[in-house]
Structure formats: structure tokens, C-alpha cells
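Below: a set of structures, written as C-alpha cells.
Below are two complexes that have chain A in common, paired first with chain B and then with chain C.
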Partner chain A sequence: MLARLHGHGEMYLRLVAAQVSAQLQYRVSFLLQSFGQFVATFIDLVTILLIFNRFPSLAGWTLPEVMFLYGVGTLAFGFSDLLCGGFDSLSRMIKTGTFDRVLTRPAGTFIQVLASDLQIRRVGRIAQGVLALGLAISWLDVTWTPPKVLVLLLALLSGTIIFSSIWVIGAAITFWTVETSEVTNVFTYGGAELVSYPMPIYADGIRRFFTFIVPLAFVSYLPALYILDLPDPLGLPPILQVASPVVAMMFLLAARGAWELGVRHYQGTGS
Partner chain B sequence: MARSPWFLGDRVFWHAPDSDEIGYFGMPGSRQGGPVRLYWELGWLGFRSVAAYRTAAISGAITNTFFGFLRAYVFIALFQTRADVNGYSLSDTLTFAFVTQGLAAFVALWSWWTIAETVQTGQVTTDLSRPYDYQLAWLAQDYGRAVYQLGMRTVPPIVVGMIAFGITLPTDPLRWLALVPSMVLAVAISFGWRFGLNLTAFWLTDHRGIASVGLLAGFLFSGFLVPLAMWPDGLRELVTLLPFAGMVAIPIDIFLGKITGADLLAAYGLQAFWAVALLVGSRLMFNAALRKLVIQGG
Partner chain C sequence: MAMIEAHDLRKTFRVHRRRSGGLLGLVRRDVQEVEAVVGVSLSIGEGELIGYIGPNGAGKSTTIKMLTGILQPSGGVASVAGLNPARRRLEVAKRIGVVFGQRTQLWWDLPLIDSFELLRHIYRVPSSAYHERLATLSEVLDLGPFLNTPVRQLSLGQRMRGDLAAALLHAPPVLFLDEPTIGLDVVAKARIRELLARINREQGVTMLLTTHDLADVERLCTRLLIIDHGRVIYDGSIEAIRERFGNERTVVVDLEHAAPPLCIPGVVVTRVEGPRQWLRFGRSDTTAAEVVSAVAASARLRDLTIEEPAIEDIVRQIYEHGVEPKRDGDAGTGQDDRTVVSRIT
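Right after this comes the complex of A and B.
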């Protein structure tokens, strides 16, 4: 098992390293595009600053606290966006027949698609997340105990896994629809927006859906309650505040299942 | 014998296309009807080329509506701390949330690189050799695109907002009428800006860096995300004078009845000023691009 994982890791790194060095050949282009990504996400940050210029708090959350949610959410989404570009472009692979080539190679389809399209310009969004989280942490007055640091790091990892699983499920649906379902955007880009604000502001149905079915509440809101010592008006069991890794792994398994089902269903688009 | 359009000079060898091949284009002033007919047909072409992607339009409308919900919940929570910001009530702001989501595709606020892509693929050389004014042809197509988006992308989020959050539409027919010139000018401003940004592809091999920053600046200052009324004093007055307010903030304020009477004329004037400035500016840029353009191949 470990040897297999090690083999996968090595292959992934090799495939990705080749793409990264190719993209770095066009250095100016890379820098400009990363800058573009940075500015794109900067707009979300400006929105938060603008609304807190006029309103003192959002459902009891202050600017630094919302900035914390936004930073964690943006980082997690940014990492998933960087890693999962291949899943986002699966539609093209199916249409051009490239996916058939993937099937003939002596390696798993999942790892091959995962490694097929890593756009390093997407570090722009990650840089934005670092900035937001840095700002939030410097504004906040949190006593950083080891468990809190651990919960934060695990939240970033779990959030990355949760968003990545959404990309994978969206891609798996492509095996049936061929065309990328743009509704996936609701869960990816829309999800990133959703986790930037505290969950109690949303209507019950939406909140339950994004807690128990697509577990976006575990990306930033629940870990933030633990780290910032905030009360939970929703009265969820406190254990859930540190349960993000478990939930993320379960969701990833579901995504893997959807992927396997999709690959089995795949028939190609014809000659 | 057909003559090269004035803006091409003698740089490009131009062969007059068979009018049978591209029948509906016609030639300006030819028997098939004058330039008005030509640009009308181009507008129809623009309409049909977005209409071909109906699924994309539907899923886009769903995404817009979802974002409308998210923004609405944020504003509902915010307005529990105060009742009014510079004349914007919660009810105004909820309407704002859904109408702006609806307008985003209408003024093509996000990404629109259709022209830049033709520069990269070389398709632009064919377009340049066609018997029409290049900028006007794209403008006409953009109006066609906007009309389609108005139906498919603007209406659905607003209807859902009415059902889910009880947002109300203006009842005064005059207000609807007042909206028309403003929307027409909004597309012209947005087009002028995007046309210029797309033309950077003539100079830069990769337009997606600097130019996308320009597009995002337009997005931010259009007053799409947060009503301009909520911007900090001082900054707000400045942003209101920029061209971008004419793409979203002004039409929205007319819709909400915040701009009426004589103020309407001032608002139209500002929009018209920027529409003309951006169209003329981008046209000069286009002429410079043509001087630079070297078409490869024989």
C-alpha cells in the first residue's frame, strides 16, 4: 500500500514538474497571469472591506473574523484550483479523444488526470489567501495554542480536499454529459464565496445542504468557531468543529467512487 | 470594382467576397440594402452566435442566481445593524443584488476575449478584409449578444429574486422607459472598454495578464459588488465619475428610482461622454494596431 502510494507520488511529481518547467519558460507571461489571478481575487477582499466600512458587523462577526473565514476559504479553494485543473478540463480530453490515451497507459486514470493540467499562474489566488489570512491573524487577538495551530493547518488541508472532491465529482459527471456542467461552478466558485461568510446568515435549507451533503461548512466556519472561540448559534455538536479531516476523507471517498463509476461508464465520443 | 475600406489603406490585399457566399452581409451601399441593413444583420449574427450556446446561458443564469442568493443573505445580515446607507434600504439592496447579477452577462463584465482570440489565431486578417467597418461590426454584434443575454441571463435571476426575496419591479412605465437609453449606453461603454483591452493582443502575445487586470478594474468600479452609495465618501464621488459606473451603477440607480428628473439627463450625459470617449479612444488604438500589423504568409 505504502509502496504503491510512493510510486503514485513519484509519478505525479514527475508529470507535474515537466509542466511547471514548461510554463516557467514564459516567465513574463507567467508573472502577468499570476498577477491577473491575484487581482481577480483581490476584488473579493475589497468587497469585504467595503461592506465593513458601512456596517459594524455581520451576524455578530467582525471584520477580522470574516477576513479569517475568507482567508481560510480562499487558501483551500486556491490549492484545489491549482491541483485540480486537470479535472476541470476533462471535457476537452473526452471530446478530443485524449482520454482514450489515458485509458491505455499503465497507470490509474485518477492520478493521470490529476497530473494533466497544473496551471501555476493559479498561485495568484493562493497569494491572495495568504494575504487575507495574514491580515486576519494580525488583526485578531488569538492565543495560538498548539491545538489551535493544528486545527488551522488541518482545516486548510481538509478544505483543499473538500473543494478538490467537488472538482472530481463535477468531472465525473462529465462522463455522462460530455460538456462540462457549468453548474459545478455553483459549488466551486460559488462555494468559495459561500465559505467566506459565517454560515448562520444562510437560510436553513442551504445551510444544512452545505453542512451535511456538500460539507463546505467544514472548510472554514466550523474550524473558525473553535480557533476564534466563538459561540455557535446553530448549536451543532462542538466535536464537529474539529471533525473537518474526517469529513473531508469521507467526501473524498465519495468523490473517488463517483469517479470510478464515471470511468466505467465512459464509452468515448465515437470515431 | 470594390475599394479597400478607408481604415485599411493599402496594407492588406483585399479581395471582394462573392456576395453569394456571404449573402447577408451585403456591401455597404450595395443593392442588398445600405449599411443599416448590414449592421442589423451583424447584430443578428451576434445574437445567434451566443444563442448557439443555450446550455451555457442556462447554467450561467443558474450561477448568477445562486450568487444573487449568497449576496442577498450577506446584505440581510448586514442590514440588521442599520436600516439605511446613503438612501439604500435593505429592500433596495436586495433588488440591487439580483439585478446586478442579471446585468453582469448583459454588459459582459467578466471575461470577453473574442477579438483577442481572433488576433491570436490569425482569424483577424479575414475579418479585416471584410467589407465593413471593423469596430462598428463588432459593436453591432455586441448589441446582438447583449439582447440575447438580456433575455436569458438578466430576466431569470430577477424573477427568482422576486419569488424568493419579494424584490419588486418599478411600476412606473416612465421609469422603464428611462432605463432604455441608459442600458443602450451601458453596452457601448462596456464595449469600448473591452474593445480596447482586446486590442492589446496586437502588442502583447499574452493578453490575459495586464488586460484582465483592466477588465477587473472595470468590474470593481462598475458598482457591481457593493452599491456605490456604500463606498467611502470621497472615493465614491470619484468612482461615480469614472466610465465604469455607467455600466452598472447608473442603470441600477435608474431602476431603483434613485436617479429621476433632471438628474437623468446628467446621468445620460456622463454615460454618453464615456461611451464616445472609449469608442473613439479604442478606434485610435485600432488604427495604431493596423499600422503595426504585418500579415504573414502568401
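Right after this comes the complex of A and C.
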């Protein structure tokens, strides 16, 4: 089992490293594209600054607190966006027959697709997240106890897993639709925006949906309540504030299930 | 021992069709069943090099996809290197190489050697075995001059040699080739055929090759399977098929002026297009030389080409003559000076 995991890890790293080195052949292009992504996401940050220029607080949350949400959300989404490019391009893989090739190789389809498309220009968004989170932490007056540091790190990891699972589920749907569904984008890019703001600003139904069905509330909002010692106007059990890793793993399992179903459907019908 | 076997292999696709435009069309769809493969049975022994041919949409690719574990059959059973690809995809994958002529499996932006390194890790080939194998393959396929060239800069022929090596690095006993010579020029085609024959002969790799180019089969295979409408309609020796159906030739003549269809004994004019005429004849009735001299005697001849029978023609003839497919062993001496059949078993 461990040897198998190790083998997978090595294969993954080599496939990814090969792509990175290929992309670095075009250095200027890489720098321009990364910078472009940074600038594009910078607009989101400016939006938050503009909102707080007009209103002192948002559902009781101050600028540093919202900036913290935005930082955590952007980092989690940024990591998933960097890692899951392959799932995002599954539609193209199906149409060009590349997915057939995946099936002729002696390795799982999931790991192969995961390793198939890593665009390093996507670090632009991650840089943005680092900037926002850095700003928020410097503005905030939080006593960083070890549990709080741990919850933050686990929130970043869980958030990455939750967003990645959305990419995977979106890709799994592609096995039926062939075209990438716009619905997926609602949950990925739309989700990244959603988690940048405190949940109480959304309507009841939306909140529930993004807590219990697609668990985006666990990306930044719930961990932030714990880290920032904020009251929860929604009255959810406090244990949920530190439950992100468990929820993320459950969601990932669901995504894996959807993926396997999708692959089976593909093997039944072809492209 | 049979390396590739199929018993009554079937594949039915369900095709959804929108019934009409408008909103209703989004909801109501007609489901149509399309039978791509209708009970294909075949058995290919170790070390055989088999041509699998048929017109477009005959079910060639679908069969290959079921044998390689890409698609699950709707019925029937396949066995490749002793394993069922529908059940044990990963294990079958280790034992087969797959070359798709139209799409490379190499990494476009990387030097060829880097693709091989990556494949070594995907297939978990031990380092020593890998280096030995690479040395053999690069000698046979003459990869040395471009091992360090990015794949995107390779010519199509070089890339195909690279793809062949990539498919053989893990020393699979079975190799599937889907249109391996497509798009190649005459010289590169000849080279690839020669290499395939050599790998088959020297390393005993069992090969199943689909192609549109009958010449591939004539020069490479001793046996061929013809599939049409999802069924195998012929399974036998290449000599026998040529004897039975490859008898017809067509001479295309360009005359000085447009003329009514020429009247030559033993010749059927199948098409006239201005000064160009298509003359079909049976080789048992007359020869190309006699036809050409007969043409020259009755009209001024500017140019001529001899067309080989296309796969479509042979399939048509099989239907027209309703001949029972026969197994090999009954082949005549249907060889002429024009064709060289490599005997490689």
C-alpha cells in the first residue's frame, strides 16, 4: 500500500515537473501570464476595499476580518485551481481522444488526469491570496495560539480539498455532457467569490446549501469564526468551526465516487 | 497460445437525438441504438501480425477500444495476453502497447527522451531493463539523431518512430496499432512497415494493425480480417483475398481529347470525366500492358495511372460475389511482380 502510494507520488511529481519545465521554456510568456492573473484577481481585492470605503462593516464584519476571509478563500481556490487544471480540461481530453490514452495506461484515471495539466501561471492567484492574508493578519489583533495556527493551516488544506472536489465533480459530469458545464463555473469561480464574504450576508437557503450540500462555508467562514473569536449569528454548533478537515474528506470521497461513476459511463459509451 | 481473442464481442451505443427544436426538444429525446460491433470473434496467435481492415465506421476502432480496455463490451468476451481487458484494465495495460497514428502519446514540448523517462515511471519499468530496452529500440528505430529534440520539432515519420518506441518501452507482448502509417509520405510509410516487420520478427511481438492502406497489409501481414457493419466478413490469408478479389485493376487514362467510352475487349469503362477515363479489367482476362496498347492504338494517350483496389472495392466485391470467407491455407500463388509480401512468421 505504502509502496503503491509512493509510486503514485513519484509518477505525479515527475509528470508535473515535466510540464513545469516545458512551461518555463517560454519564460516571458509565463511571467506575463502570471502577472496578468495577479492583476485580474487584484480587482476582487479592490472591490472589497471599495465596499468598505462606503460601509464601515458588512454583516458586522470589519475590513480586516473580511480581508481574512478573502485571503483564506483565495488561497484555497488558488491551490485547487493550480492542482486541478486537468479536471478543468477533461472536456478537451475527451474530444481529442487523450482520455482514451489515459485508459490504456497502467495507472488510475484520477491520478493521471490530476497530473495532466498544471499551469504555473496560476500562481498569480495564489500570490494574491498570500498578499490578502498577509494584510489581514497584520491588520487583525489575533493572539496566535497553536490551536488557531493549526485551524488556519487545516482550513487552507480543507478549502483546497473542497474546491478540488468541486472541480472533480464538474469533470465527472463532463463524462455525460462532454462540454464543460457552466454550472461547474458557478461553484468554482463563483464559489471563490462566495467564500470571500461572511455567510450571514446571503439568504437562508443559499447559506444552508453551501453548508450542508456543497460545503463552501467550511472553506473560510466557519474556521474564521473560530480563529477570530466571532459570534455566529446563524447559531450553528461550534464544533463545525473546526470540522473542515472531516467535511473536506467526506466531500472528496463523494467526488471520487462521482469520478468513478463518470469513468464507468465513459467506458460504456465512448466519446 | 492465442494472445488476442474475442468471442462474439458486441458493442451497442445509445445515441440520443433531440426530437425537435424548441423547449420540448430539450426534454424529449429519441434514443436510438446503434450497433457498432455485432458479434466479432477472432483469435490471434503469439507472434502473428494481423491486418484489421474495413471501411470507415465499420467498427475497427470500437473493437480495438474494447480489446485495450478503453470501452466495456455490451456483450461477448475478450482476452488479451490471457486477461479480460473489461475486468482487468490495469493488468492488461502493462502487457500491451497502443499506437494511435493520429495522436501521439509523446509530450509535445519535451525532448523525446523525456517522454520515455516519464513513460518509464508510468509503466514502472526498472531502470536497468529500461536502459537495455531503450538501447535496443533506439538502434532498431534509429532514434539517436533526435532523442534530444522536442517532439513538436520532429517530422511525422520521426514522431511515429518515437511513438513506436514509446509503446514498446515496457516490452509488451502485444501491440495494437491504429492507423500507424496515416499521413506519412511513401518513404516514411515504407520505413515504418519495415520496422514493424522487424520488431514482429525479432521480438515476437503480436500485432494487430488497423489501416486504410491496403499496401500496409500486403507488405506486412500474412493474415487479415475484414470487418464491415460491425461483423468480420473475411478472416484468412492475404494471398487468398488477392486471388479472389484483388484480381481487378483499374487503369486511368488521360486522352488528348474527350472521347466516347473506349471499346476494348475485357475492359469495362467505369467512369468518364472529360478526356479522363477509368478502365476496369480482370488480370486473368488481360494485362495492363495489353490494355494500354489497345488504348494507344485507338486514341492519343497523354498520361496513365494504375489504381490498386481500395478496401472499399474489396468489401463491395465480397458482397457482390457472396463468397464464403475461407481460412488461410487455401491460398494460391496470387503473387505478382508488383507486390512483395514480407513473410515474417
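Just so it is clear, the second predicted complex is superposed on the first by the 266 of 271 C-alpha atoms of A that agree within 3 Å, B and C clash if a C-alpha of one lies under 4 Å from a C-alpha of the other, contacts with A are read in each partner's own complex, and residues count from 1 in each chain.
Just so it is clear, contacts are C-beta pairs under 8 Å (C-beta built on N, C-alpha and C of every residue); 3 or more make two chains touch, one makes a residue touch a chain.
All values reported here derive from a predicted model rather than from experimental measurement.
Q: Of the two partner chains, chain B (first) and chain C (second), which one does A:Ile43 touch, if any: first, second, both, or neither?
A: A:Ile43 sits against chain B, while chain C stays out of touch.
Q: Go through the superposed model and pick first if A:Asn185 touches only chain B, second if only chain C, both, or neither.
A: In the superposition, A:Asn185 contacts chain B only.
Q: Tell me the contact category for A:Gly257 with respect to chain B and chain C: first, second, both or neither.
A: So A:Gly257 meets neither chain B nor chain C here.
Q: Which partner does A:Ala22 contact after superposing on A: first (chain B), second (chain C), both, neither?
A: So A:Ala22 only meets chain C here.
Q: Check whether A:Gln33 is in contact with chain B, with chain C, with both or with neither, and answer first, second, both or neither.
A: first
Q: Identify the partner contact of A:Leu58: answer first if only chain B is touched, second if only chain C is, both if each is, neither if none is.
A: Only chain B; A:Leu58 stays clear of chain C.
Q: Quick check on the complex: what are the chain C residues that touch chain A?
A: 13-14, 62, 65, 68-72, 89-91, 93-94, 96, 98, 100, 102-103, 105, 107-110, 114, 117-118, 121-124
Q: Which residues of chain A touch chain C in their complex?
A: Touch list, chain A to chain C: 7, 10-11, 14-15, 18, 21-23, 25, 96-98, 100-101, 103-108, 112, 264, 267-270.
Q: What does chain B use to touch chain A in their complex?
A: So the residues of chain B in touch with chain A come to 55-56, 59-60, 62-63, 66-67, 69-70, 73-74, 76-82, 85, 205-206, 208-210, 212-213, 216, 219-220, 225-226, 230-232.
Q: Where on chain A is chain B touching in the complex?
A: 26, 28-29, 31-33, 35-36, 39-40, 43, 46-47, 50-51, 53-59, 179, 181-183, 185-186, 189-190, 193-194, 197, 200-203, 206
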